[in-house]
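Both complexes shown next keep chain A, but they swap its partner, so chain B is in the first and chain C is in the second.
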Partner chain A sequence: MSIELIDVSKKFGTFVAVDNVSFSINRGELLALLGPSGSGKTTILRIIAGLEKADTGSVILEGRDVSREDPRDRGIGFVFQHYALFRHMTVFENVAFGLRVKPRKLRPSEPEIKKRVMDLLSLVQLDFLAHHYPMQLSGGQRQRVALARALAIQPSILLLDEPFGSLDARVRKELRRWLRKLHDEIHVTSVFVTHDQEEALEVSDRVVIMNQGKIEQIGTPEEVYFSPQTPFVFQFLGDVNLFHARELSNGEIVFIPDESKGVEKKIFVRPNQISISLTHSRNNPIPATIQYINTAGPMVKIELMDKKGNPLLAFISIDEYHELHLKKNMEVFLGVKSHHTFENIPNF
Partner chain B sequence: MKLKKIFMFSFRFILVFIALCFLVLFLVIPLFVVFYNAFSKGIGMYWGNITREETIEAIFLTLKILIVVLPLNTIFGIACAWYITKYKFRGKKLLLTFLDLPFTVSPVVAGTVFVLLFSVNGLLGGIVEKMNIQIIFAFPGMVLATIFITFPFVARELIPIMEEQGQEMEEAGRMLGARTWQILLKITLPNIRWALFYGMVLCSARCVGEFGAVSVVSGHIRGKTITIPLEVEILYNEYNLVGAFGVASLLCIIGLISLIFRKWIEKRDPQNLYRQIHRYGD
Partner chain C sequence: MKKIFYQKSILPGYGLSLGITWLYLSLIVLLPLSTLYIKVFTGSLDEFISAVFSLRALKAYEVSFGLSFVSACINSLFGFLVAWVIVRYKIPFKGFWDALIDLPFALPTAVAGITLTWLYGPQGWIGSFLEAHGFKVVFTPIGIAIAMIFVSFPFAVRTIEPVLKDLDPEVEESARCLGASRWKIFQKVIFPTILPSLLTGFTLSFARSMGEYGSVIFIAGNQPLKTEIAPLLIVMRLEEYDYYGSASISVFLLTVSFVLLLCLNFIQFWNRRYLGTI
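After this line comes the complex of A and B, so read on.
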């Protein structure tokens, strides 16, 4: 089912949580709402679900305006951040709940309920825990029970609020790949909220990046990562180096500027787009001192400081690191392989 | 170092000593006195005292009041706690303050208010007279006074636990298509049942033991409006000390049973169990 938000705003007291937001989600899509905490992403999710009423604007599901409809009539499955499992019920009863509360006419028979619940539990690979209570499960298991429970009512939309937020790093990675696979199998329109950019970029078809109640950019993970439209997006999706360089009239960018020539330009560079050389050259004009080297990981992370005292970050390959014999407090020269600039940057 | 240790030890000793002195002076000795006096003329006399016609009548009247008050205050308590914890509204703090009113206002004042309200010249006296119901100095008045005194108990027990549990479970129920009554019966109540039960025990104990407010509205009509605590007073004023302490011992026994109930509930409460077993996640 497609989802469309038109001019949705929501205030809590004087705090503007969602500020005139419009976007649409295609049928069968897996969309990530990404942003720092307080950016309004969870509020949007709750407005789609109907748990929160928008002050203005409307929510349209498959062409039907549901803004005034009760959440229970919207056919939406919701997975809560802290799972919200019914702790007085077994895993089986948790998943069966949505079927058991249906009006008598629509309620499946007991054997049907049993079959459907067990099917769902095997889908989330937890059928062996059917008769355990939520408090006997691990975080990852609870999360999958919550997912099975939400899917039991055969929702046309699945909403997930920080689905991996309270899990440890390893389980988190495992579970998000599993969610992607599951989505490819059952193809239900899904929206999930996250503050983890890696998660959003890895799992989703499209990403909506939010900041202070507004949308910064919407696009596929490739689009937002490689062509960020605002400094916020660029900075939020990874580490950033900021250079105050100058652009000459012929379009050339000068990093060690002569203040009299050209116009000031703010240059954004990812750490892996910085090259390090031991000698000064045209391609490596920026002198800097190595502050700290971290070799643990797929790339070597090098923290540096330029002549004005600005901190810089460079990622280089381990081979390159060994070749250069880099050490702490060494004087090196940096070059910029590729960079981003933005027009009209207020207060950045 | 050693001196500090000795100091700490004696400090602890003094604290324990003060606490014990208080306990003995204000709890153990009075309780002992009640039972000692009740049985001072032998078990036969004790049994005679607590099975006198007036005493039996008082017990029945007290139970009758309890049977009316407890369900009403339970329903009120659930409704009130639900409203306060699951909804956001203006004046929530004010409502919470009002909820404590019976704790802070003297029961005598409460009783007097009801008398003034329903007496012939009172605010509601006219209506009551037209409908030809006797409220003051009769059973309905005693029920009203007891309701007022005991209404916060259930709500006060439920509010903290419902606040702690938050609304996520109810919201999950709603998203799964449950109607409000289904959410109440299948999600909220099972999760608060032990706190609810405990609140009901406290409410009952207070209901049975209430003296001040009930005394004012009862009018002390023998054989009609005398509850157990009022019976104790009457016997005491008639210098029948053994009888008074005999009936008083019934109240003590009810109080002790409530305490045992409380311990039993605390042991069974899954909230407690939950904290003990809770090892994973979060």
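After this line comes the complex of A and C, so read on.
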């Protein structure tokens, strides 16, 4: 089912949580709402579910305006960050809840309920825990029960609020890959909220990046990562180095500027797009001092400082690191392999 | 055996604190109660049976247990309602209402008894009205129940209130998204969650009503076989210098009450099995 938000705004007191947001979600898509905390992403999710009423604007589900509908009539599966399981019920009863509370006419028979619940529990690989209580489960298991429970009512849309937010890093990675696989199997239109850019880029079909109640950019993970439209997006999706360079009239960018020539230009560079050389050259013109080296990880992270005292960050391969024999407090020269610039940057 | 008693704790002074706890409990609770039992064992079984199972005593138990049960039921229902309103709704002067709930704790029970007796008596505001409709409260079991309800009311509210406050709104929201109506949410989600505290409130309210003496004797009329409560019978026996009879009835009451409380605690334990204690 497709979802469309048109001019949705929501205020809490004087705080503008969502500021005139419009976007649409395609049928069968897995969409990530990404942004820092307070950017309004959870509020949007709750507005889609009907748990929060928008001050203005409408929510359209498959052509039907549901803005005034109660959440129980929308047929939306919602998975909460802290699972919100019914702790006095077994895992089985939790998943069966949505079926048992249906009006008598629509309620499946007992054997049907049992079959559907057990099918769902095996889908989330928890059938062996059916008769345990939520308190006896690990965080990852609870989250999967919450997912099975939301899927039991065969929702047209699945909404997940920071689904992996309270899990430890390893379980988190495992579970998000598993969610991606699950989505490819069942194809339910899904929206999940996260503040973790890695998670959003890895799992989703498209990403909506939000900041201060507004949408900064919508696009596939590749689009937003490789062609960010605003400095915020660029900065939010990874580490950034900012250079105050100058652009000459022939279009050339000069990093060690002669203040009299060209116009000032802010240059954004990812740490892995910085090269390090021991000698000054045309390609490596920027002198800097190594402050700190961290070799643990797939890339060597090097913190540096330029002549003006600005901190810089470079990621290089371990092979390169060994070739250059880099040490702390060493003088090196940096080059920029590729960079981003933005027109009309407001106060950045 | 050792394992049951000793579990490593981060609190220092395990032995000392356990010793103090046991000593304190023994001094405050066990010692006074055990003297009662010792006193009873000085007599013969026949004496004990005739004291405990006399018709007057049996009727007194019936009045005490029966009316305590009734008042605990009523208090659980209305205590729940009051707690619900105080926690869930925005009401004017909330602090005032909140303080009012605890008042029966603080009021000398004799004051409560005299006030209630006047209020429900033939000259009282409520009593005169009821009397005109042929309804008598004072000196009847209804009067006893009203006094019991009055003194034990705070227990019911104060045990439910914190649990209602702690209910996670997300749990109700998820039930709503799953299609549950308000009534179903209450019935299947909220009620089972607060049931343990409701039972605790019931237990405390019941125990308090059983032991209540001061307020009840004013309103009860204290007619043997009709409106005489067990605690009063104990005092009557004392005044007749029948110390043995008095102690026997006390021991009997104590034992029955203890068994009842124990049963309720077992129900509680079973009820909380989902917390992973079993």
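Following the convention adopted for this analysis, the second predicted complex is superposed on the first by the 348 of 348 C-alpha atoms of A that agree within 3 Å, B and C clash if a C-alpha of one lies under 4 Å from a C-alpha of the other, contacts with A are read in each partner's own complex, and residues count from 1 in each chain.
Following the convention adopted for this analysis, a contact is a pair of C-beta atoms (placed from the backbone, for glycine too) under 8 Å apart; a residue touches a chain by one contact, two chains touch by 3 or more.
A quick note: this is a predicted structure, and the numbers were derived from the prediction, not measured.
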item: Superposed partners chain B and chain C on chain A - clash or fit; value: clash
item: Contacts of A:23 with chain B and chain C, given as first, second, both or neither; value: neither
item: Chain B versus chain C as contact partner of A:321, first or second or both or neither; value: neither
item: Touching partner for A:102 - first (chain B), second (chain C), both, neither; value: both
item: Which superposed partner A:178 touches (first chain B, second chain C, both, neither); value: neither
item: Which superposed partner A:166 touches (first chain B, second chain C, both, neither); value: first
item: Partner chain in contact with A:139 - chain B first, chain C second, else both or neither; value: first
item: Shared contact residues on chain A - chain B and chain C; value: 49, 51, 71-72, 76-78, 80, 82, 84-88, 97-98, 101-102, 135-136, 149-150, 152-153
item: Partner chain A, residues of chain C touching it in the complex; value: 168, 170-171, 173-181, 184, 188-189, 192-193, 273-276
item: Contact set on chain A toward chain C in their complex; value: 49, 51, 70-72, 74-78, 80, 82, 84-89, 97-98, 100-102, 133-136, 146, 149-150, 152-153
item: Chain A residues within the chain B interface of the complex; value: 49, 51, 71-72, 76-78, 80, 82, 84-88, 97-98, 101-102, 135-139, 142, 149-150, 152-153, 166-167
item: Chain A partner contacts - residues on chain B that touch it in the complex; value: 168-169, 171-179, 182, 186-187, 190-191, 270, 274, 277-278, 280-282
